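Below: the structure, in structure tokens.
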Amino acid sequence: MSGSTLGTLFGVTNFGESHGPAIGCVVDGCPPGMRLAAADIQRDLDRRKPGTSRHVTQRKEPDTVEILSGTFEGVTTGTPIALVIRNEDQKSRDYGNIAETFRPGHADYSYWQKYGVRDYRGGGRQSARLTAPTVAAGAIARKWLGENHGVVIRAYLAQLGEIAVPFRSWDDVDDRDANPFFVADLGFVAQLEAYMDALRKSGDSVGARVNVVASGMPVGWGEPIYDRLDADIAHAMMGINAVKGVEIGAGFASVAQKGTDHGDEMTPAGFLSNHAGGILGGISTGQDVTVSIALKPTSSIRLPRRSIDKAGNPVTLETHGRHDPCVGIRAAPIAEGVLAIVLMDHALRHRAQCAGVSTGTPQVPARA
Amino acid sequence: MSGSTLGTLFGVTNFGESHGPAIGCVVDGCPPGMRLAAADIQRDLDRRKPGTSRHVTQRKEPDTVEILSGTFEGVTTGTPIALVIRNEDQKSRDYGNIAETFRPGHADYSYWQKYGVRDYRGGGRQSARLTAPTVAAGAIARKWLGENHGVVIRAYLAQLGEIAVPFRSWDDVDDRDANPFFVADLGFVAQLEAYMDALRKSGDSVGARVNVVASGMPVGWGEPIYDRLDADIAHAMMGINAVKGVEIGAGFASVAQKGTDHGDEMTPAGFLSNHAGGILGGISTGQDVTVSIALKPTSSIRLPRRSIDKAGNPVTLETHGRHDPCVGIRAAPIAEGVLAIVLMDHALRHRAQCAGVSTGTPQVPARA
Amino acid sequence: MSGSTLGTLFGVTNFGESHGPAIGCVVDGCPPGMRLAAADIQRDLDRRKPGTSRHVTQRKEPDTVEILSGTFEGVTTGTPIALVIRNEDQKSRDYGNIAETFRPGHADYSYWQKYGVRDYRGGGRQSARLTAPTVAAGAIARKWLGENHGVVIRAYLAQLGEIAVPFRSWDDVDDRDANPFFVADLGFVAQLEAYMDALRKSGDSVGARVNVVASGMPVGWGEPIYDRLDADIAHAMMGINAVKGVEIGAGFASVAQKGTDHGDEMTPAGFLSNHAGGILGGISTGQDVTVSIALKPTSSIRLPRRSIDKAGNPVTLETHGRHDPCVGIRAAPIAEGVLAIVLMDHALRHRAQCAGVSTGTPQVPARA
Amino acid sequence: MSGSTLGTLFGVTNFGESHGPAIGCVVDGCPPGMRLAAADIQRDLDRRKPGTSRHVTQRKEPDTVEILSGTFEGVTTGTPIALVIRNEDQKSRDYGNIAETFRPGHADYSYWQKYGVRDYRGGGRQSARLTAPTVAAGAIARKWLGENHGVVIRAYLAQLGEIAVPFRSWDDVDDRDANPFFVADLGFVAQLEAYMDALRKSGDSVGARVNVVASGMPVGWGEPIYDRLDADIAHAMMGINAVKGVEIGAGFASVAQKGTDHGDEMTPAGFLSNHAGGILGGISTGQDVTVSIALKPTSSIRLPRRSIDKAGNPVTLETHGRHDPCVGIRAAPIAEGVLAIVLMDHALRHRAQCAGVSTGTPQVPARA
């Protein structure tokens, strides 16, 4: 299978370049009979779109999605759902310098050596703009998971540079759209704004951590070897631009844990902890699926950086223009969409193989 | 595609249970004409196998591999290579208790709820024993990568519980098989032995971190969206038993980095740093591919743990028997094999699409 | 993998419904660096499009293709190529009757029972109109095969109802676009026109046979078990609307052949016959790949037919409107496109695994 | 995906060579909870195995299957089922001549040019012996289809050389194992025996036609574009050694049919005919799925044939040894197994996407 498809049964095939005519995706395998309108998808695209505050890129892209197929009279038909977003903010300008040099931290050099040709306008296919189709497909998955299984998926910014924003409560997470950072504690907003204003002024950029959680999970989704639920989540999360690390549950904290700390005990009233992050042996346990991702600092910064050009000569590059000083700020809706796609794919895979399995064992409540 | 296959063009289909007749895999897509004997595979299996020191499980499994197909007169023919390892140390004993209860931290509960039936003997399919076929397939990939591209893959234990073992030099890494911990600094061995002896005595277990590095990488392997090289590495690594986190390059350290810290500058003499971990935009840059994984502490411990049985009643479990107090200790050969499989798969995918691409741009030396 | 993708490395994901906003496909895996413009694709779409003579449907669809991604400055970049064809001739009319009944010979009933919802306008997704994206993708494959391997793919109508049109020469085949039937012998045109005029008058429809041949084939494309080149061709051809049979080489004539008749002998000057149709053991031999397909008569006819409605009551249906009396007439460009896609996919698969294989054995000329 | 796997959710990965240590397959995706013992599989292997009459090859292979994984206490666990058949009748002899020459009609030449190396002993991987693992996997699928859906799959020899054996009744088909030809009319046995005796004496071989039918089909299995049920059947059937043609329903007879002949009318009492072969728009209608395949004459014959050797020099070959004079005779169990695999795969794919769809429309009885 070619590399631009995410998912096995709920398959999302992504296409497009930042400054080409359009970006989009084809979602194949969605069950029939679900109500679906463009507005259901637009909601998540709007959460991700640029230009919503001074802390993100000022590029203006309405990111209006059109459904080209797969619905009829407002209902999914079971056939492929093609989604298209026209690129509108294609500033006509001179890209000559970008065409001839490799921006450090970007994929200019690796694309060039791989393909021998590259659409350098706005980063072409490597642009974070290409996460929009993923978000759009994720909105479909999220709707289906909610309606069919009561699964709720929520992401929030957990750390911005050195500033960690601890989880307080789900009520706060539900407020995450009410601030420009998707943090789950509004008390941190002023501090983050000051931090970002200073950062922007400095011309530098910074990394971030985003947590994403699926609640209301059924037990049994995932396959043991190799397509474990956690493995497929890791694949999809590491496939988001700028992500350099993925954790499930306790993640890297597991390294220093003892078995008595880490192993989640069970009682008839439920699990007593969730270091597993809701997945054991690659299969969901019914507890919340908890994921954390690290996003690197934006590579496009105003400060001078050393690089080379296509002839191999040294150059110095400063990137001016409209860039996010912290790509992690807009990553929460992306992480939600990605998790939704993976969970839905496994929901379908699970019922393909195991529909009708019944154990008689009571399901343990998903506490802690 | 069903879930037990790793890789797209170099495809490894895993089968088996810990105490069934055999475990193994079918490796489909290996190029023809490579010399391959069982000994080439056995070498890595022996590095992973149990019972090699007092710090790992004392289970005795020779793990002798047999090649059933795909070679002729000692050379690969291009047809599927089936590898079988007979299970020999199948102690005939009473598993009744394990059959009726769910061990905390294990996948007993999630398997049961998913499938409604499970082979509980020795953990069945969730046993870490099932990494042996992956190691075997990885040995084939490693050989091909070395012979065809000069790629060298090395993993070492970087942290055991609280004890971090810093990287010193590749010479030390090359010594990693000379100690029971696969650490890259023999000076730490005494400290680790004391730590493990105390741990074993306490009945508890502990987590670990393993680093794995591919050197001699070509530029251009990987696909932009979604099957990025780093995404596929994350998938495969998170598919190893007990892994809870995966990092590429700077990993979670990226969160607090500034763009000026993280972005790897280039000069005609090479990259000046490698925070990217050798991958940009999902495509290899030619620098070392650097990966770090977190392994949770072993779930089977001698200390009492609360759980429930199949009727939903509370039980207390203590696990006696032959278990690794730290599964991370034997994980280095597994991580090497997994990385080899992913890299080889992308080597084939790359030449399928891009054979013959030539840019005229000099390849930047892979410094730093 | 979901079902709307054709090909493994050269993957074509089809979307759309006959009367929705648009139809199209995403072509993933095309090698970079090939010149490609919309005109290269439009040429084959125009050969397939309706309304070109009185013998085919009079529906007016310009079928104008737009390339949304995957090319830059007129050259393929190696990223997905999205192709969109807007539906323009969507007559706004009352579909009430079609919505409530199942047309015999059509997939109305099977779609309805499968999905519980269906876009009945113009046949929705079951419309032969959905072969247009396949033809578009095939045009890309055909161009690549021609430029990189000198492979030429030609299809012609070999039988229309009872009238067989024997092959005369490749020169005649090259004339196939010069007549409304894609026959390879212009001497038959008058007879076919009279036949079709009478058929159209009668209100009935008829089947057809189309032959498709790939010349200039390299030896070695295809895999032994199960993705044989002939198996993948059969899959793709049987996936064309209305196709009920596929033959490779001698096809069903093999049943009554003796081994001395069928087995193609070889001499240093080449093969002496080609009953194999250019494929042995699932792998191309270098001879022409010869395929023949049977297309059933159009199901939509003016004559009364018995059926049932959604309540299970008997109804009588007559289909008026713009339908091809013989869908086989327009099938030649479709068969060419389909064969091109399969061959290109296997060209990439072959070089992924076997690039660099060299035997020293001279290649047998592809005679006969 | 590499080429040795058949099926998407019910995936069969085939391995082995005729004279290597073993042949077999891994069946991934089988639902848990089905009783399965080696005897369930052995039954179909015994129907296919050589040496059962004088009309087939006298090679002695017990073809005893061993289940290595995926069952526990006689029940499938949902994990991969590995099946192994040891090769026992490996006559140690001089293969020198075969190694250096290309047998006409065999894949010696195409394998050699593709891979540059080939296991020539007994045909290696191109041997029809490699259909045994397919039959074994098919036995699992057939059992599941029967128990879960009441689907019954039956194949019979419909033509042997010039002798057509018309279908009489299902009672006769059920007798097909009671004669060495799998014909469905015992009245033809004497004629066929005489024919085969003469053929064997002549040293020549002959082709055959096999029909295979699935009864008791549910409506709704299959996907519209491209993985139609008929397309996947065509792929799998054309993947059987020696098959040169595949028909669904009326097949090539459709070419000369009128729409009024071909289109199957429906009444509340059921379909009035079945020219569609139980599939419309790629989706099952609930009628019998009817398939017919053409098998070419055996390429290995005693009569002299012209060919070349690896140096390109002309040679004359006569093949002595134990070969089927008509490979079609043993093909009925193979065709049954292949159809079972495809149907089961689509049964799982269907419920993945469409579980729970309910239309309220009464299902039309599958008459005619």
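A, B, C and D label the chains in the order they appear, each numbered from 1.
One rule holds in what follows: a residue touches a chain if its C-beta (ideal position, glycine included) is under 8 Å from a C-beta of that chain, and two chains touch if they have at least 3 such contacts.
What you see is a predicted model, and the numbers here were worked out from it, not measured in a lab.
Novice: Please identify which chain has its centre, taken as the mean of its CA atoms, farthest from the centre of chain C.
Specialist: The most remote chain is B.
Novice: Is the number of contacting C-beta pairs greater for B-C or for C-D?
Specialist: Of the two interfaces, B-C and C-D, more C-beta pairs touch across C-D.
Novice: How far is the middle of chain B from the middle of chain C, if each middle is the mean of its Cα atoms, in Å?
Specialist: So the centre of chain B lies 45 Å away from the centre of chain C.
Novice: Using Cα averages as centroids, what's the distance between chain B and chain D in whole Å?
Specialist: 39
Novice: How big is the gap, in whole Å, between where the Cα atoms of chain C centre and where those of chain D centre?
Specialist: Result: the chain centres lie 26 Å from each other.
Novice: For chain C, what residues touch not just one other chain but two or more?
Specialist: If we look for residues of chain C contacting two or more partner chains, we find 1-5, 8-9, 14, 29, 32-33, 78-79, 114-116, 125, 224, 349, 354, 357.
Novice: In their shared complex, at which residues does chain C touch chain B?
Specialist: 1, 9, 29-33, 78-79, 224, 348-349, 351-355, 357
Novice: Using the touch rule from the top, collect the residues of chain B that touch chain A in their complex.
Specialist: That would be residues 1-6, 8, 12, 14, 102, 104-107, 109-116, 125-126, 130, 159, 161-162, 204-209, 219-228, 230-239, 244-268, 272, 275-277, 279-286, 294-299, 301, 303, 305-308, 310-314, 328, 349-350, 354, 357-364 of chain B.
Novice: Which bits of chain B are touching chain D when the two form their complex?
Specialist: On the chain B side, the touching residues are 1-5, 7-11, 13-17, 20-24, 26, 28-29, 32-33, 66-70, 72, 75-82, 84, 114-119, 124-125.
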